[in-house]
Amino acid sequence: MATSDAAARDASSPSAASDIPAETLATLYRCMLLARRLDLDCVAMQRQGILPGYAPMQGQEAAQVGSGLALDAGRDFAFPTYRELGVAVAMGVDLVGYTASHQGSWHGGLYDPAASHFAPINAVVGGPVPHAVGWAMGAQLNRTDACAIAYFGDGASSQGDVHEAMNFAGIYRLPVIFFCQNNGWAISLPSERQVAGGSVAARAAGYGMPGVRIDGNDVLAVYRATRDAVETARSGGGPTVIEAMTYRVGPHSTSDDPGRYRSLAEEQSWLERDPLTRFAARLRTEFGFAEVFFDEAGAAADVVVQATRTAVTTLVVPPGGEMFDFVFSAPPAALLEQREAWQRETQTSQREG
Amino acid sequence: MTNPTQTQPQPQTQPDETQQTLTQPSRRLLSMQGALNLALDHALAADERTLIFGEDVGTLGGVFRVTDGLQQKYGPQRVFDTPLAEAAIMGMAVGLAMQGWKPIPELQFDGFSYPAVDQIVNQVARMRNRSRGAFSMPITLRLPSFGGIRAPEHHGESLEALFAHVPGLKVVSPSTPAEGYRLLRQAVADPDPVIFMEPKSRYWYKGAVDSADAEPALPVGTSRIVRRGSHVTLIAWGAMVARCLKAAQLGAEDGVEIEVIDLRWLKPIDAEGIAESVSRTKRAVVVHEAPLTAGLGAEVSALVSERCFGDLRAPVGRVTGYDIPYPSQAFEDAYLPSVDRILNAVQRVLEYRRG
Amino acid sequence: MATSDAAARDASSPSAASDIPAETLATLYRCMLLARRLDLDCVAMQRQGILPGYAPMQGQEAAQVGSGLALDAGRDFAFPTYRELGVAVAMGVDLVGYTASHQGSWHGGLYDPAASHFAPINAVVGGPVPHAVGWAMGAQLNRTDACAIAYFGDGASSQGDVHEAMNFAGIYRLPVIFFCQNNGWAISLPSERQVAGGSVAARAAGYGMPGVRIDGNDVLAVYRATRDAVETARSGGGPTVIEAMTYRVGPHSTSDDPGRYRSLAEEQSWLERDPLTRFAARLRTEFGFAEVFFDEAGAAADVVVQATRTAVTTLVVPPGGEMFDFVFSAPPAALLEQREAWQRETQTSQREG
Amino acid sequence: MTNPTQTQPQPQTQPDETQQTLTQPSRRLLSMQGALNLALDHALAADERTLIFGEDVGTLGGVFRVTDGLQQKYGPQRVFDTPLAEAAIMGMAVGLAMQGWKPIPELQFDGFSYPAVDQIVNQVARMRNRSRGAFSMPITLRLPSFGGIRAPEHHGESLEALFAHVPGLKVVSPSTPAEGYRLLRQAVADPDPVIFMEPKSRYWYKGAVDSADAEPALPVGTSRIVRRGSHVTLIAWGAMVARCLKAAQLGAEDGVEIEVIDLRWLKPIDAEGIAESVSRTKRAVVVHEAPLTAGLGAEVSALVSERCFGDLRAPVGRVTGYDIPYPSQAFEDAYLPSVDRILNAVQRVLEYRRG
């Protein structure tokens, strides 16, 4: 999705932003739209029994796509949580493989995280943040100018791991971006009862690193802030904290009921700040994008959504024996024995049942 | 020299209460989730020093609704949400206990108790000992546990072996709503830290609960025979108890009389109770969801061997999860001990011939 | 030690500071002197084989005594690490019982931590800090105006637990003081390679609480800062971070060799800023304390040091069976069995050996 | 149905190298600390992707001097100090491994690895599985372990049962300097995460080390018979091996021929090797410092019972620490398995009569 295609060339007639080419504007929009539609379809697939559960990201498309597209997916490396569909879209991750995690095929997903430069989906809140720090140190030791980005939420900011990671990054001046999506809620806890002091970005100063708080629903603001942080990282300037203020419009997950902890009015007020609608409006009025662009983007997104749904619906779950195969590089004898016993007992019960 | 583990509390058994009728006014049909909620409600009412806190336990009532309605009823001072930090939740519990409060923290899922392991092992479990009894730690950690609910990674873990190995902790897991009510009241009343492992996959199963049963009858560390049998003893806890009962039913159809023990307390373990059963049946199989190696089944196996050596006709069987990370949804049924695997193991111990 | 005695009355002729009575000045000095001498004697006792190991606090007397004396030992509660002898002295903790921890008699010490309002010695770096937060919450729930103080080092500031504790304290506005002794080193790591950004006090802003950095070798500065923080806590103003800049003059512990990681010149430069010498000089010049006061303080300290040494040397280690007795309120049967087996085997081996 | 744990690597034994002479030029007399230092030195020289980091491992060379001189020799990029945060140390190791580095982190003491348990269990042990093999985790965690050195609280813990229960981890502990050298090289070379538990109380004991022995001869998961005997098998690891050898010597004076197995690998366990020995001696006692309940001795006991049921003349004995927090210095000798307690247990299994 990050590369240009026919539609992007069509869109090149519109004007660019002072610092962002029109083609990038087009790609940002297309990724956001695809993320939105795929996200909605994942919710639908959960309702239809195709996915056992899903964590919707509606409302966070600007934060995710804007930051993901500011990276060089061939050089940098992203460490997602469980809600980073938009980043996956922006970085060109195989979306069927991505969705396979929610479909229950494999923890972490079935895409190739090494090739995608997008770590396996990680469900431990705060847990992957120190990994980004280690990856950044490895990049520094390799004398590359690659950088790592850790995605985490307002809830995750409370975790000890995040503090330790920021401190390490500050001490070693590592090329890493701490990208916090402050989406207002950690399940039922509002961020004002989560983040003492009120701002994750403000914590950066305590580690001697820059921290910026941005409108996370303004994709260009997100893109610029991330691009600047990447630049800082590449040029040896060390880590940055970005706090993108946004909102989780949907439930925490498909088994959550936000009606128990927040008002419809609040949700409504954020729907009015919808990042996709806002960006579309700017593309039309400020940058002169034509209707045909939006039509084509919608059609292209629908093709991907439909293809993803078809593939996910018919996804061949890896054979059961694979649950034994990736635990070690070379499984110890005792584990091979367990695999064989499992195989035998499976056959037995097939015979019996 | 007597083996140091040879004397333990006497086993006491009682009929499976799910088979009793709902005659008394205090008896009602509740899900495990409802029974635990009722136990917490009564615990909060009974002792104003009890406090409930954790992630999403207040306004939301917990992701499994076990604390549903309690904040409304007892106020946001006694039932409150915390920021998202498991170590601090348990560390705060220690400080509250030192002030004379009785904390009932919740950690949202088994797999997210690992960040709190340092506070649990190095602080909760030891503060009483370190202070020579000056500070008791009457903390009940509620931990939604085990697998079977088609959840993502880290939501299907079995940590009983880890916690049972830690001196200073008691560990318990209920298998039915009645047990849930009774054991949770007992855990909260206990002056020492108790890890209360709630079998998630049983939250919505219903059974009769007697809420007048506030004074727990069975002492800490006693197991329960939930089905009598003479050919082999199955030992299990949490959700595996129901599965063993299913296996026993099927076994009976084939003429195999399987005794089923609900171990309940995973520390201290009712070694005497297990031994009493195995000395009658001469054969035992332990069943758990956790991986095989160094699982609590090893301890049960060792205890049975130590106490029933002369009686045993076959080595103690172990039907467990495999030595792999708890797998994703698609593999869950393949991973968890199935009725088939349990019956296969029963068959193995019955057919065992000394080699 | 915190109460006045004959010598304090003698000292009452000197002038007071504007906000600190002369009697308090005298007590501060006496406690610092006793801490210094007892600390040195603990090092000596370690060399003489009386203590298996010890963590000296020389150089940190002002930070410890100044903060400890600003508390109300009957109301507030202190959570120490393993290096808080000066606080113990200031709070009137039984010093033989305190030293028993280093003597190997009992983890946490043999004093009564509940009566002393001084938690058992805690060797987990950062571990006790959340306890102070919990205690403070308990005090708040009790509607008392008591406050808790958590002692921790520059090294501990890197721990996740400390971050989580500060965030909780900020969210609930708890009456707790985070008292960091930045003594320059965490074993061999200097604080500038430990604390990204350079200041633990500066982190407070990120939690929406006041943070002050003070000269930790100026006992009056420490006393005032702590007193103010206590005042804030009592009046519902919430938590405070205090970073007392000081120096560990001795080794990390009696088995450490600072020559491997720092220079004699550095140690020397800090010896010149010795808090005890500085305070004595001020008491003489600024507050008119007479020589007799210092002589009496020295003599009194020596009496306590000598008595402590005698008691520690002849300390009757609790009987071995006690190792089983405090694990649970009522030991389970299996543990009682282990105790009995231990007893039998001990007798057996005495018979055999 | 075959029991899933019944096939394991074949045991290979070799003479106790401390009894060999120092003839080859590559052989020298080293303490365990020196041998481990040499192994790290050679590992750093052999593979420039290896990195050493942790608290005080750089300038100071570690509180036990195991990394002494390595920062000077290999530079502060490959051997470096970290801030004081165990979770971040292990989390950083994960990220470095994802970049193709081979981290050899140290956590300063057993009892201070608890704050890193989440990263170790949920991340280090699972990243390979979660990524379907895309990311190997060739991480060797060096963990000064076990008691016996008159240290304060938290400095005498035995975490092998905790780590052995975690799928995805390998766990090993050396008993001699030669073993230390060989096993540490092997752990570093291994493509998977290895918890390397260094017995602190053996750091200063000397033995012959052959540094030419760079290619480890025994595969991962093989034990070592360190003394032959025919009456009973003692199974131990770390510092308890020397104690068992002492017991065997004393036993021999009384005519009891005790075989001693150094288990070495605590995951995977050499079940086949143990079974081979016990099938000859018919009796076994397992010895460890960790508390009894749910300790690794239970797993060893269960494995022996499963494999040697027909041969066993007595239940497998367990001589272990008690179910109490590791006590302070004054109680250390009373707590740790003593030669007397080991011999008492040997006597019990020898005198055992089926009840």
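Residue numbering begins at 1 within each chain, and the chains themselves are lettered A, B, C and D in the order written.
Simple rule for what comes next: a residue touches a chain if its C-beta (ideal position, glycine included) is under 8 Å from a C-beta of that chain, and two chains touch if they have at least 3 such contacts.
Everything numeric in this text was worked out from a predicted model, so none of it was measured.
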Sort out for me whether C-D or A-D is joined by the greater number of C-beta contact pairs.
A-D
Taking each chain's C-alpha mean as its centre, the one farthest from chain D
A
Chain-centre distance (mean CA atoms) for chain B and chain C, in whole Å, is 41
Can you compute the centre-to-centre distance for chain A and chain B, using the mean CA position of each chain? Integer Å is fine.
37
For chain A, residues that touch 2 or more chains besides their own
106-108, 124, 158-161, 164, 167-168, 171, 193-196, 327, 334-335, 338, 342, 345, 348
Any chance you could list the residues of chain B touching two or more other chains?
1, 3-5, 83, 85, 87-88, 111, 115, 118, 122, 126, 129-130, 153-154, 167-168, 268-269, 292-293, 322-325, 344
Report the residues of chain C in contact with chain D in the complex, numbered from low to high.
52-53, 82, 101-108, 123-126, 155-156, 158-161, 186-189, 193-196, 255-256, 260-261, 317-318, 320, 323-324, 327, 334-335, 338-339, 342, 345-346, 348-349, 352-353
List the residues on chain A that touch chain D in their complex, please.
77, 106-108, 110, 112-115, 119-120, 122, 124, 127-139, 141-142, 148, 160-161, 164-165, 167-168, 171, 325-330, 332-338, 340-342, 344-345, 348
Where on chain A does chain C make contact in their complex?
158-164, 166-171, 193-199, 202-203, 205-209
Footprint of chain A on chain B - complex, ascending
55-56, 58-61, 63, 81, 83-85, 87-88, 111-112, 115, 150-155, 292-293, 322-325, 327-331, 334-335, 338, 340-341, 344
Mind listing the chain B positions that touch chain D in their complex?
1, 3-5, 87, 111, 114-115, 117-118, 121-122, 125-126, 129-130, 153-154, 161-162, 164-165, 167-168, 267-269, 290-299, 301-302, 305-306, 309-310, 312, 314-318, 322-325, 344-345, 347-348, 352, 354-355
